[in-house]
């Protein structure tokens, strides 16, 4: 094993192990990747390997075209989706994909997760976007690569900035989240699942519940993220 | 104890112990059997024994007519259902039966679990079938044996192949799953429970939610199961 | 401490400790009692003592009129309800009371839990009865004692046999269960919670879901409980 | 560190650690403060510090105007809300704030949690109040301080006594609870979450479910809290 990738593999391994610890995956239904932009590669979980059996040295090194660079195992079947996001969104350092229960249930409805409270607004100022299911042509093509483009196009279409909105639902499929670091990408997956759960409960208590008012959205987002943020240390 | 059955009993014991570990059983509400086709028998959990107290040597050896061959305890009351499935479906190596919460709740509605997302399509290309409740005649007859025939007939009626669809709900009762191996049969029980949970959430968020489009169904199933499958190692 | 009650207190203590282990109580919201008919008394949890701090010697001995016989602590505030049940139902050996989430949510609706599947029919052949909320006169009177009579009267009104139906919801309050032994009473509380959860899911998937057919009700109940029962060892 | 605050910090630390143990917080989404009225200060969790990494000496000492008195870290961003409550409600000794799932989902609906059962009435005799979302002016002003005033005003508007109703939902935000002691404030957060969960289930089983009758409300509250209370030791 090339020692140059050692640290990256360990980071990726540790990030992947957080998914079952946070209750976000059943069996192998998820994967995290972590990029090293100076090396032009990312590490990603191998395909279909159970989390219990996973080792740091199993992580696969892949370039931003989705080509395997190093590793004895085949990378996650979702690798090309990760590669597209890294290639086009230059400031992300990690990507997480899960089939977490509530977020995936929303994806199955093809609906955005509406912004209903400050827990949501602490993290993003808009609904969690749900990209429509892909066209038959995209599905029949290079499917996982096209999944990446479906995400990019939905952000373009809505005028969203991936540095501010770090999560999406792919319609009928499941969530993808990202961030500058591995911890942030995984954190976003857990936050998304909790937002999805709260929104589920609110819309089943009160169908047609109104969206959070704009003043609260801006206040909560900016106290955590603006230049005058005062949350945290 | 006949040493010829030793390995089979251990396999069966370990598979049964996975059910509580995966959160799929309360008390004794479930059982797994594992077949040895060369010996023409299967091992199955004894009836009504709590999972905590279960030992490998408690497993009961039964033939494909449902007759006990070896074992000090009475086999599961569902034994004849397992026997019918082994006898008629020659390529299955294990059967699991649980009363897992969400799958059983769907069975109680007498509705199929609709195929709404790729988590489902990764495992089967159709709705999870729900067999109608059995006729009064079948219930009054050899009930557990008839339960097996109810399953077989539902597969015939729908033109399903048990090698592709490895799960069913028996209406008003509970799920049965199977597979080539004990691990696969238990895995299918856990996957079914998760599919059932996601579908529950989706249909309560959006009643009448549309079925997953055919192109996605085929794509996801084939990337895991077709001759050109590329998921896993 | 009178050594004559030693065994009874230990049984009662162990039964009470099962409630948090089974996820049936939050804080002190539950209690189990166990009777010794030869001594004409029952042991019951002391009022308001957290389960973590509970000790076997804390159990309070009470007679079937609800009068404390021995013990340094005040018995559960629900003691008189237990006493009424023991006095009038001569074949019960233990009573459990919880505020388990799903069963209590049903009690809050004042609706019976409908019999929808075999998990339910394995344990009782009728809906889980929900007694109406008590009259203002009963509430203003000897409330906990009247709660016991409310349960007895509901069984009389419906023509139910407490030896066959070992559970009830007290409307707007919470469940009570009982059995010949402490283990059975606690088991019934856990089964009731699971039945309540499954029924919750089924009625929210399919409002107006039909009741389980009579043939299945009888079959499942009798294979576990009739004179020709063949479930268990 | 000033030794005069040592005990208060330890109390506050232990109370904060109860939140994750009770399943009431994800990541850092919650905080508990504990007051020492003789010193005119309260201790509160530092902002954004994960519960796993939290130490007793990290607690920040703040006065009832919300000004930090001692501590190396920045106090919770919600500090001024706590300060307002301590300043105006002289008999409270601790305040807890969480984003627990069911309580927050109710807050997102802007609806009170209706009083439907005795689990609720054991703790308060009215619906759990949901304050309306704050005005744009309040949000644009000293937001966290105004959140405190929103709570005070809602109690005034409804004629509620903070010594009897120890919890509120802030509309579109999340719950706050309080009590004479740290244990009681945290206990109230857990009770509120359970009440919220039961009410969720009841209103989705039976939309429009009737409120608990007044006689039961008074009976249950008074047996635990009135001058003739007989619950507990």
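Read from first to last, the chains carry the letters A, B, C and D; within each, the first residue is number 1.
The definition used in the following text is that contacts are C-beta pairs under 8 Å (C-beta built on N, C-alpha and C of every residue); 3 or more make two chains touch, one makes a residue touch a chain.
Remember, it's a predicted structure, so these values are computed and weren't measured experimentally.
J.: Work out which chains are contact partners of both subunit B and subunit C.
T.: The common neighbours do not exist; no chain touches both.
J.: If you list every residue number at the subunit A and subunit B contact, are more than half found on both copies (same) or fewer than half (different)?
T.: different
J.: Rounding to the nearest 5 degrees, give the angle of the rotation that lays the CA atoms of subunit C over those of subunit D.
T.: The two chains, subunit C and subunit D, differ by a rotation of 90 degrees.
J.: Would you kindly say which chain has the C-alpha centre located farthest from the C-alpha centre of subunit C?
T.: A
J.: Please report how many Å separate the Cα centroid of subunit A from that of subunit D, as a whole number.
T.: Going by mean C-alpha positions, subunit A sits 33 Å from subunit D.
J.: Using mean CA coordinates as chain centres, what's the gap between subunit B and subunit D in Å?
T.: Result: the chain centres lie 46 Å from each other.
J.: For subunit B, give me the residues that contact two or more of the other chains.
T.: 200, 204, in rising order.
J.: Under the touch definition given earlier, write down the residues of subunit C that touch subunit B in their complex.
T.: That would be residues 116-119, 187, 190-191, 194, 197-202, 204-206, 209-210, 212-213, 215-216, 219, 223, 230-233 of subunit C.
J.: Could you please specify the touching residues of subunit B with respect to subunit C in the complex?
T.: 26-27, 29, 46-49, 73-74, 77, 99, 101-102, 104-111, 133-134, 136, 139-140, 143, 172-174, 200, 203-204
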